[in-house]
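Chains: A, B, C and D, in written order; residue numbering restarts at 1 for each.
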């Protein structure tokens, strides 16, 4: 059994890790930390876990965490830099669900996150936890940086085209729509039901923190070449889910060839489902599951490629993908504990 | 033109007052206060008001408020006791939308609201702002206490039976369901979209602050006799609306007589709509409107009377009813500025 | 492996059976029928099942169904009476999710469902599939009638009091709130998003088909004594979930004793969770799971007992409970394939 | 008073017309037709109208309609071609809310709508009812074709750039998100609450009927030049509202100049609100109101212009705009009866 710790388990990515891990056949949950909820039973805070765990929240303690095989950090960005380093030095491996180790360039990170990076010493060894690209490196990593939710949906949707060299100088557009859980469990007016229900809005139009992450990964997929992309997130009245509508103009293609590129790229991927061409994936088709579902459309008259990409932001966009990485790191079946069928309706 | 001030205009009852008053033909909005938003344009905070008002939030100032004909207090309970007294003494009349003056007995108020009452001197002259019961007193009042949202729906639903003496020792049940805006615009985890959407729960089962208010008014309607009532509020995933399902066991009745009692009681009320017997009022039939819609059901075998009562918690349950009171206080048509058709769908 | 067939798999209880059964370790899905969708792949209709099954819908055929060990009927009431009888006679056991075999008295069934009963010959051997009451009979049954969604939540909430003899002549009240999936996948105006979102209403106030079922089971729990109950269903804007707020007046009790009754009654039940007294169960705490969560409240001054009971109408209220029955019928662990943690948020 | 008739008043555009017209100070509602609901009181079907109208649905009758000053057609496309022609010939003016007269080229209409055009004789005189472009022609029109909902939001968002000649060969992108009421009140599985709530999806990606309408109007604004545009509608879980996110690449601009173009273009428009640059309009800021709210963003590095455009699909996107046209046609104040403040929250 793999001994698992969770740092910062009171937010949505924390409870989602718990939902997955309490049923994972090779995991033993050892410790879950929260300064503010010390002593509170986890299932008092999250009654859906009643009957599945007796754990209580404890104050973070690098010794206790160091005795785990793997520690998930489900903290806000910038909070756990130092602790992550300690934990790694104590011998546990780390999967960080925050943004702390996603950006390779420290200056870029510090610009977008508005603070000094707290663990520059271990940043170079961080592996970006997108198994579809970095599976081999994840296997041996001490530190995995689980990708952001938007970046997961956008990168999986565009990488096949980028790797094939079909993106040259076009300005790509990622028009992305998220559910409100993406804003976290913090008490913010902007996330209230009465502020977000029965309404839609864009946000972060002038620049969102997931943009440099997307740019970094697309450029790496392009062999180092910068990719132009406009990223526009939108807030929509649903709890979970991201739908990214991705636009690339590539004249002279046809849908069959494009479809073949995607099917080949993801042929062996357990969690990427390339639907038949012309499909319309709904976010509910992945609600609660670790799947990214993709569908391609092509307009011959304008050369417009449209890629539709849906994930559950809390699963493939966060906690599920983190567990997928853990499975890889410990040589387990990659889909162990992750075979949830999406809840539909 | 009636010169109007609003104290504490940043919450949902504040913006709802503005929605109504900016189109009210006899009102001139003079001042709206908020300590935290001083200098901010009202329509920057509430873009639905763009084009309807140029007002800015200012710090509360009893001189400026005293120059108004009427001042609405849309503050949380306990905040504005002293200011309300000052404003009244300056010559303006006050309609208070908070709970501060709804309870006649100071000890009861202090017990349920957990603080000393801050304006005992003016409490005795406060008139409970339910026009269907207190219209004449409202006309001349200096201080009107607008009823709570739940109490409005429950009292209008039960008072005809109580006044007729049909309630003796039965234990009444008010099973009430509200939208999330009833919890206000405060940043609370429990009001987040991801906490309240696609879910239902009861709350306040052991005792809610609207219970003593309901008991007070039912007892007054009964000529001083205590009425036994269980009040169970529920939180439901909608923005606006209250549905109160009211149960009273009165054997030996028939639906025609009961219906006649309600139709007679509310025959001249512009904002109470007694639907045909057996109807099923939906909250959306009153969304954005000042109407309370009632429907009666009767089970002859058990003597069960079921009264269904729907209101919009922010209109008839708060700001609309406050404006209705203002119309009465200033001798205007009672429905002036309040002829909104509910937004359906 | 248990060979399983599903008749009428295109509705919500059908897809929910599939969600559960494709991951059930002892089940082999053999056949799923639909006249209207013959030849269509199940995962074309329900993309959440992509990767989990290759089944196609076929026309119902009693021979093919008879080769199964168990056949689930997920058809509307009255549709499959004859076929169920044939399938049983072919040697398969049947779990019927419709209302066809829930009511023991044919005349009562025919009155409430407005048609002749189509299989009176096998009705007497039908076992009501509420494991918490009929576990032993379910074990050997050829025909199990899975309970309705409302009845499951109401009966589990009230049976401990009824069995203890605490209900005498009181008029009980079951104020029940359901999500819209309870109305099924039929194309009805009343189930449209634009008709049901952001609104609440009661329905079936004068009499709902689940009332005779509830009365039958409460009377049986009371040893044959009729129990008076008012049942008021409400339609609420969520997809899944039922919250039943149950009112019984029993003076002279205390919360500790009441709590002890419930804890004792359900001590060994894997799917009934009696929460600490005073808890407020939310439907989301059971979303996607087979759990019924109960909480008790008691008002000493009025003797009012309030039982809050939540289930997922499609799981414990339908397909999950049907699988629970199957597990019992075939000697499997009762929670096999049913260990889903509720999806929260 | 203007005598008004409505043909096909049972759908959402019909009830929305009624919501507006019952409070319109210069309108007298004379007749409302529905074959299926003949004899039913309008307020039995739409209880929000109780107290506002005594009308009953009648069978369409060109004589009765011909006595009106203006007849609104709120029928599905293709249904009322012949009747519209009769009504016009009887002397009434017509505002058609369907798609029947929006497309100038008959062949294009017949291709996209899959049927013969039923009134080619009057099509040439139809005026496209977008007051911001065709105000003068609307004034004298006998037949006004109210624009589609998506086209209204897209055209108002792009026309200033097109008219200025800033669009040359770029491929524009209109990523549009609608609420479910846009699908109408028909009983379709795809519009059920349980199918659309808590989920998102694109649809019509390969071609939607509003595309030729958008192309026609953009080309006309461009002086006849074809404009390349990709139009991708999305279905989102809200009742009302459209948010169109519009992308145009125009290098070498700056936000101040772009903003000035929009402010100048709409300076005198009562129902187009150009917000400050960088704003994020939410659909709820226009819910129930006839306003189109626009906001501009510009990325200097890529030359990306992003225009955010929100409307209520049932008001500015349909019935409100139709009434705006009526006001123009009869020389009334353009905003008469249309001064609703959006319902927020």
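We adopt the following convention: contacts are C-beta pairs under 8 Å (C-beta built on N, C-alpha and C of every residue); 3 or more make two chains touch, one makes a residue touch a chain.
Treat the numbers as computed from the prediction; the structure is a model and nothing was measured.
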Checklist entry - What is the chain whose Cα centre is as far as it gets from that of subunit C? => result D
Checklist entry - Does A-B or B-D have the larger number of C-beta pairs in contact? => result B-D
Next on the checklist: Could you work out how far the Cα centre of subunit A sits from that of subunit B, in whole Å?
Outcome noted: 45
Item to check | Whole-Å gap between the CA centroids of subunit B and subunit C | outcome: 39
Checklist entry - If you average the Cα atoms of subunit B and of subunit D to get two centres, how far apart are those centres in Å? => result 36
Checklist entry - So which stretches of subunit C touch two or more other chains? => result 12, 179, 181, 185, 194-195, 197-198, 237-240, 281-282, 284, 287, 345
Checklist outcome for this item: Given the complex, residues on subunit D that touch subunit A span 171, 173, 175, 177, 179, 194-195, 197-203, 205-206, 228, 230, 232, 234, 236-241, 243, 245, 247, 249, 278, 280-284, 287, 297, 299, 302-304, 306, 308, 310, 345
Checklist entry - If you look only at subunit C, which of its residues touch subunit D in the complex? => result 12, 179-181, 183, 185-189, 191-198, 237-239
Item to check | Parts of subunit B lying in touch with subunit D, wherever the complex brings them together | outcome: 12, 15, 18-19, 22-23, 46-52, 181, 185, 197-198, 239-240, 273, 275, 279, 281-282, 284-289, 291, 293, 314, 339-345
